[in-house]
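Consider the two complexes below, in which subunit A is the common component and subunit B and subunit C are the respective partners.
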Partner chain A sequence: MDFIMNFPFFSIMICMLAALSTFMLGRKAAAWVAKGALFITLILSIVLTAWLHASGESFVYMMGHFPAPWGNEIRAGELEGVMAIFTSVIALLSIVSGRFSIRTGIDDTKQNLYYLITCLMEASLLALIYTNDIFTGYVFIEINTIAGCGLIMIKNTGRAVAAAVRYMVVSLVGSGLFLIGTTLLYSVTGHLLMQNINASVACLAADGSYKVTLTVITALMTVGLSIKSGLFPFHLWIPDAYAISVMPSSAMLSGMVSKGYIFLLIKLIYRVIGFDVFESTGVFDLIFIAGIAAMIMGSVAAIRSGYLRRMTAYSSVSQIGYIFMGIGIANNAGVVAAIFHIITHGLTKSLLFMTAESFTAGKEDIEVGDLKGLGHKHPVSAAAFTAAALSIVGFPLFAGFIAKMLLANASFTEGWRMYVAIGAIAVSTILNVVYFFRCIINLYGFGGFDGAKDDSDTETSITVQSEESSSAYHRNGVYVSAQSDCDAAPTRCEKSVHGICAIILAVINLYIGVAPKLLTAILTKGLNVFN
Partner chain B sequence: MSFLIPLSVFFPLVCAGLFLIVRKKLQTHKEICVYTGVVMCVSALLNVLVAAFSTTRELSFVLIRITDSVSLTFRADGLSLMFAILMSFMFVIVGFYSFDYMKHEDNTKRFYLFYMCLMGILSGMYYSADLVSLYLFYEMMTLFSLPLVLHSLTKEAIKAGFKYLFYSIGGALLSLMAIFVIYSMSTNHEFAAGGFLDPSLVNGKENLLLVFVFLAIIGFGCKAGLFPMHDWLPVAHPIAPAPASALLSGIITKSGVLAIIRVVYFSVGADFIKGTWVQYTWMVLALITVFMGSMLAFCENGLKKRLAFSTVSQVSYVLFGLSLMNPVAILGALLHVIFHSIIKDDLFLVSGAIIHNTGAVKCDELNGIGRKMPASIISFTLSSIALIGIPPASGFISKWFLAEGALTSDTGAFSYIGPVVLLISALLTAGYLLPVMIDGFFKGNSEDAKEPFSDEAKPLSLVPIIILAALALILGIFPGIITGFLEGIAGSILP
Partner chain C sequence: MEKINFNEKKKLYILFRITGAILVIMLAASLIMCMLDLPGLFSPEHPGENVVAERYIESGIEETGAVNFVAGMILDYRAFDTFGESNVLFAATICVMVLLLVQNPDSKKSSSKSYYDELKDEKEIEPRLVKNDVILKTIAKFAVPFILMFGVYVILNGHLSPGGGFSGGAIVGSGFILASVAFGFDKMERFLNKKSAGIITFVSLMIYCLAKSYSFFTGANHLESGIPLGTPGDILSSGLILILNICVGLVVACTMYSFFSLMRRGKI
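Take a look at the complex of A and B:
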């Protein structure tokens, strides 16, 4: 066995140990430990993926020398490697760029706990990605839920606690469904390791026995995971959770946490139930239709909400719809497109939340109309925001275009799904244009360009009716304007670090958009050896 | 000399970027104008150089290969050269006009920044050698021409700008879906006369392809003001400053035409569409737009809005010619692209001068204006005559070829209906353009005549107006200057 095969285990353990050590440390030391752990994880993941890509193989790693029926196993292939790189990049950049947000949004005494939660989150996500054991998967889903609640709740305001409780309730329903599915699966097959279950399920499907049970299991697990990733009918926890929490939390929750569950679902489809059995249950249609509905309804909700971060959060709902639609197309190309979009969207959405922080200037949220002329005040953030918006809209040269093209191409062989998918992509993209360009025009259109004349006081601005969101704020009895609880401005150093992180994300996005060959090759190859 | 193509695309963009950096240093309007003027002329010169070097062999350039199927490639064929030269000429002429016009406007730096960008982006669009590059530059064109519509930032301008944005992006997305479908049915993606589809991949999916080609025509036709998606045009064109309206009507609408030619003739191939429902629906939509645009212009009282409706109608003459799929009609369509650009730019420039110098914005406020600004109104009259199609002015030539093409095409009843609609529309054109001249010269109080030339445009604005009017006339009398070149293009489009 090569030494490099230990890397997945190392990266999980490093994050765990970092999480354990941070609660004893001061705020600064904790920050460095967390950043160091995430950086090491990133390097390990990159080395591992490069090695796997070069050798073109995947391996199963036995934990603690206990063989199959009792022990835990880890499985690493190119897909897992790419996902590990992706999560560690987003976690690292989020906490590095979020120094200002953490400093002002969280009590001094609790700041080290924030790094603890971040490391725990990364560890649980890595475990979800690497696990080859469905019960370990369940355990880390729960750890992930707890860490997610912490990420939201650490900002000690009433609304944050309410959002966290809502997140917790919904998530527990999701993981409960997953647990029921796991139990049923265990009682039917007698196994917990993925390849063993897969073999038994294939036997059962060939026999024709337990047909209903298998369908129920598949549906339960799929629904559980979709609740946790915020698919359309179950998306109501998303806007509060993303828009109220501190910036790094929003970036991580939207960028990588919901994506971990989707990856687990893909793992479930290919490695547990088996693609053909999964297809015969008809759950793909369910996913597909829910995805289409999410694409449209998420964008409509984003247009209706007049606040920047809330709008971005609703946009996540629509983008998660794209990913589920890709899975629901039900062929390998669709799943490759879905994973590609997981990465694209994670990079883009965390960039959007990151840049939104500069515009909100310490407030919790900001009306889209108040973005007037801010583009000249924060040139780097505004440029990065524009790049991210163009990527989501699907402008060529950005990663979003490639993702949409892969999704459309994947649907061509699939009959009726093609018409629905292409129509939904077109409609949803137009809706995306509506709300993102409103922001961009507000950012750049007003004031300051000619230097001599500053017309930022003009009455005209592009405002929208924000009934839905303002009623949400009314309901909780707090207004956004009353929430400017911090008067501190970011220091020069914080500002430049934030800018550099935004630029890095934008450049990665552009790189994927201009040279997507490597990524698509890795994903396609990885998926081929997935089962 | 292939590097000349990317140079002509990126030179204006780089200069615009530099402009962004040094904009604080440029204090006076004159300095801004000199900077823009130099960039403009050099870009135009680069496009001319591309044309000059293309006479010996076709230039092409691969910018970047994104995936195996998607790449950004440039190629200078006859069609792209025709559009590029037309665009360069118009941008330079209108640019000189704008130096005077924009003196009294705010935010001129922003205006000229996007003006320069547009030159590069339009060149890029014209030289694109595959559908993805075309789509990229098409979208960029929408985004970079948007600030010209938004220029005044009043409520109406913002509303108009958004309408423009959503119609254009919506249309472009319909076309993007068509591009995905076309790409899935071919292995080689470079434009080729007669199409590049792989027949074995198309086999069995003909209906699907037809539907998406139709969607592409509707989508790109949005920019050209084709019927179901025309509504943004009469809102967005008049609200922009006059030079921008001129370019939007004269040049930007034509990029929709180019995109349709690229999809129909260079990607799918005319043979595939000829005789199908797509051709007939397209023809019907174009004829509806021709008539409807003229009728709406006839009923409209606002001067610039009337011209915008006229653009809706006239660009559909071009689309009608293209839908016939007949070399003569295509020649007519290409001629009409050039003539309509020249004429409509002139009309918009004159209307800008009228609005700017006298404050009149309605057609019934123009009594006696011919005595105050005679040179401009005479140019307006000449251009009107050319647009109506009275011989020997230029519009006659293009409409002649369009009608001849229609009559010789085997499209059944349409070969007669088409010319009849064109004739009715020409009558309406006379009905909405000539009253401006009649009111201007023959109505009004005689005491206005005391000071002739009192409101005449400044020389810097007047010279472009006169040049364009003269061209509208000269090209009608000596069409041989360009028909030879265009016949070659029409022949190459339809092999």
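Take a look at the complex of A and C:
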């Protein structure tokens, strides 16, 4: 056994140990420990993925002295490696670039807890990605849920707590459904280890026994995971959770947390239920239709909301729709496209939230109309924002274009799904253009273009109300808390670090867009050895 | 503010409730249908009665050294899951701390006022807690030592009899809570305050994490762990399980007490 096979275990444990040690540290030391742990995780994941790509295999790793059906085990292949790199990149860049946001948005005594939650979140996501046992998956889903709740409510304003409660309730419903599915699956198969369940389910499906039960199990687990990742009919917790929390939280929640569940769903399809059995239950159609609905409705909601971060949050709804549509196409190419889009969207959306921070300038949110001319004030952020927006829209040269192209390509062999998928991609792209170009034009405009505002807005400007009281309510119930009177402006160092992070993300995005071959090759190869 | 049409909202609300009811009934019906289909829980044909359970029961004692199969299962065979479970508790403690810990009043962030600011003056709620509850005090004086002792017994015998870290820790924690209700937080703070609770939680989780990392690492790399299992049935047996039980018990006890304390007055 090679030493490199220990790396998945090392990366989980390093994040856990970092989480534990930040508990006792001050905020500055905690920040360094968290960043260091995430950086080591990133390096380990890159080395692991390169090694796996070279050898083209996957391996299981025994957690303890007992082999698989008795003990726990984790599995690492190329897909897992890529997902691990992706989550650690986003977590690392989010907390590195979010120093200003953390400093001003979170109470001094609680800042070390923020880094703790981040490390715990990363550890649980890694465990979710690497798990080879469905119950281990459930345990780490729990950590993920609780940590996500902490990420939202650490801001400690009333609205953040309300958003966290909403997130908690919705998310726990999802966990509950997943747990019911797990127990039912255990009752009919007698196993918790993925490949053993897979073998038993294949036997049951061949016998034709437990047909209803298998369908119910599949539906429950899929619905549970899609509630947690915010698929369309269950997306109502997303806008508040993403738009109200501090910047690194929104970047992480939208970028990687909801994606972990989708990856678990893919694992469920391939390694637990089995692709053919999953297809025979008809849940793919459900996912496909919900994904299409999300693509359209999310974009419409984004156009309707006139606030930058809220709009970006609604855009997440529509992008998650793309991912689920890719899975719902129900072939390998569709799933590869979906995973590709998971990565693209994670990188892009965290970049959008990151850059939105420099426009909001310490406030909670900003109206799209008020972006006017800010592009000249924050050139780096504006350029990165434009790149991210172009990527989401699907402009060639950017990663989003490749993702959309892969999705469309995957649907070609699938009959009626092709028409629906391509039509939906077209409509959704146009809608994306409407709301993102409105931002870009406002950013670089000097005041002529004023599409986002109508008459009712101009009479209440943010500054007037926020001087009178510490808070102000606006149309759509969006709350713009007053700028705190001290520490309002980011320091030079924070600004440049923020800029560098944004540039790194934009360059990764551009690189994936220009040279997608490597990533698609890894994903295709990884999916082939997945089952 | 937008003008809200209440009649329309009311209609939507009714519609929402009806759809909710239909969905719940559908979910319940499908689950009941599945339940009727499932194999009986204790029947020999149950798929759960397979090699996995067999090995736990047949060679559990010699492999883990724990007479209590459940302890051997959760702390040795499937230790990674249990490690996750204890981290769920840790995460929950952190989130409750994030939510309820009263902010430092000298903090510069005047704009984000905590809801729990009114609780920061703990003198206001303390008298209500410790009035002249003679009955409570007298009974607590007798009960608390026994509760704590029983909790410690359950923790220390986790590998020999039903119980273990989670349940024993809960018992010890409830003993702490009873003591703090009866005698006031001042007296509890002498030995369990924010600092000591933090150190206890940190050290036990750290020992847990490092011990388990060692065992995972040696196991996966097929190395000898070198931890003696002892004679099954002795108090000092079953390798790491006893130590892990003590760690989990301490964490759970501190968690229980700090939840209560945080909810009562916003600090540990």
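Keep in mind that, in the parts below, the second predicted complex is superposed on the first by the 491 of 531 C-alpha atoms of A that agree within 3 Å, B and C clash if a C-alpha of one lies under 4 Å from a C-alpha of the other, contacts with A are read in each partner's own complex, and residues count from 1 in each chain.
Please note the rule applied: a residue touches a chain if its C-beta (ideal position, glycine included) is under 8 Å from a C-beta of that chain, and two chains touch if they have at least 3 such contacts.
Note that the structure is predicted; figures quoted are calculated from it, not measured.
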Residue contacts with subunit A in the superposition, subunit B compared against subunit C: C
First, second, both or neither for A:F412, with subunit B first and subunit C second: first
Touching partner for A:V433 - first (subunit B), second (subunit C), both, neither: first
Which superposed partner A:F395 touches (first subunit B, second subunit C, both, neither): first
Which superposed partner A:G445 touches (first subunit B, second subunit C, both, neither): first
Which superposed partner A:I422 touches (first subunit B, second subunit C, both, neither): first
Subunit B versus subunit C as contact partner of A:I154, first or second or both or neither: second
Which superposed partner A:V514 touches (first subunit B, second subunit C, both, neither): first
On subunit A, the residue positions that both subunit B and subunit C contact, one per complex: none
Sites on subunit C touched by subunit A in the complex: 1-2, 30-31, 33-34, 37-39, 46-52, 55-56, 63, 76-81, 84-85, 87-88, 90-92, 94-95, 97-99, 101, 103-104, 107-115, 198-199, 201-202, 205-206, 209-210, 213, 215-222, 225
Subunit A residues touching subunit B - in the complex, by the definition given at the top: 393-397, 402, 405, 408-409, 412, 422, 425-426, 429-430, 433-434, 437, 441, 445-446, 449-451, 453, 455, 458, 460, 462, 513-517, 520
Subunit A - residues contacting subunit C, complex: 1, 5-6, 9, 13, 16-17, 19-21, 23-24, 61-66, 69-72, 74, 104-105, 107-110, 113, 116-117, 120, 123-124, 127, 133, 135-136, 139-140, 142-143, 146-147, 149-150, 153-158, 161, 180, 184, 186-191, 200, 210, 212-213, 216-217, 470, 473, 475-476, 481-487
Subunit A-touching residues of subunit B, taken from the complex the two chains share: 23-24, 64, 66-68, 70, 106-110, 132, 135-136, 139, 146-147, 150, 153-155, 158, 161-162, 165-166, 169-170, 173-174, 176-177, 180-181, 183-184
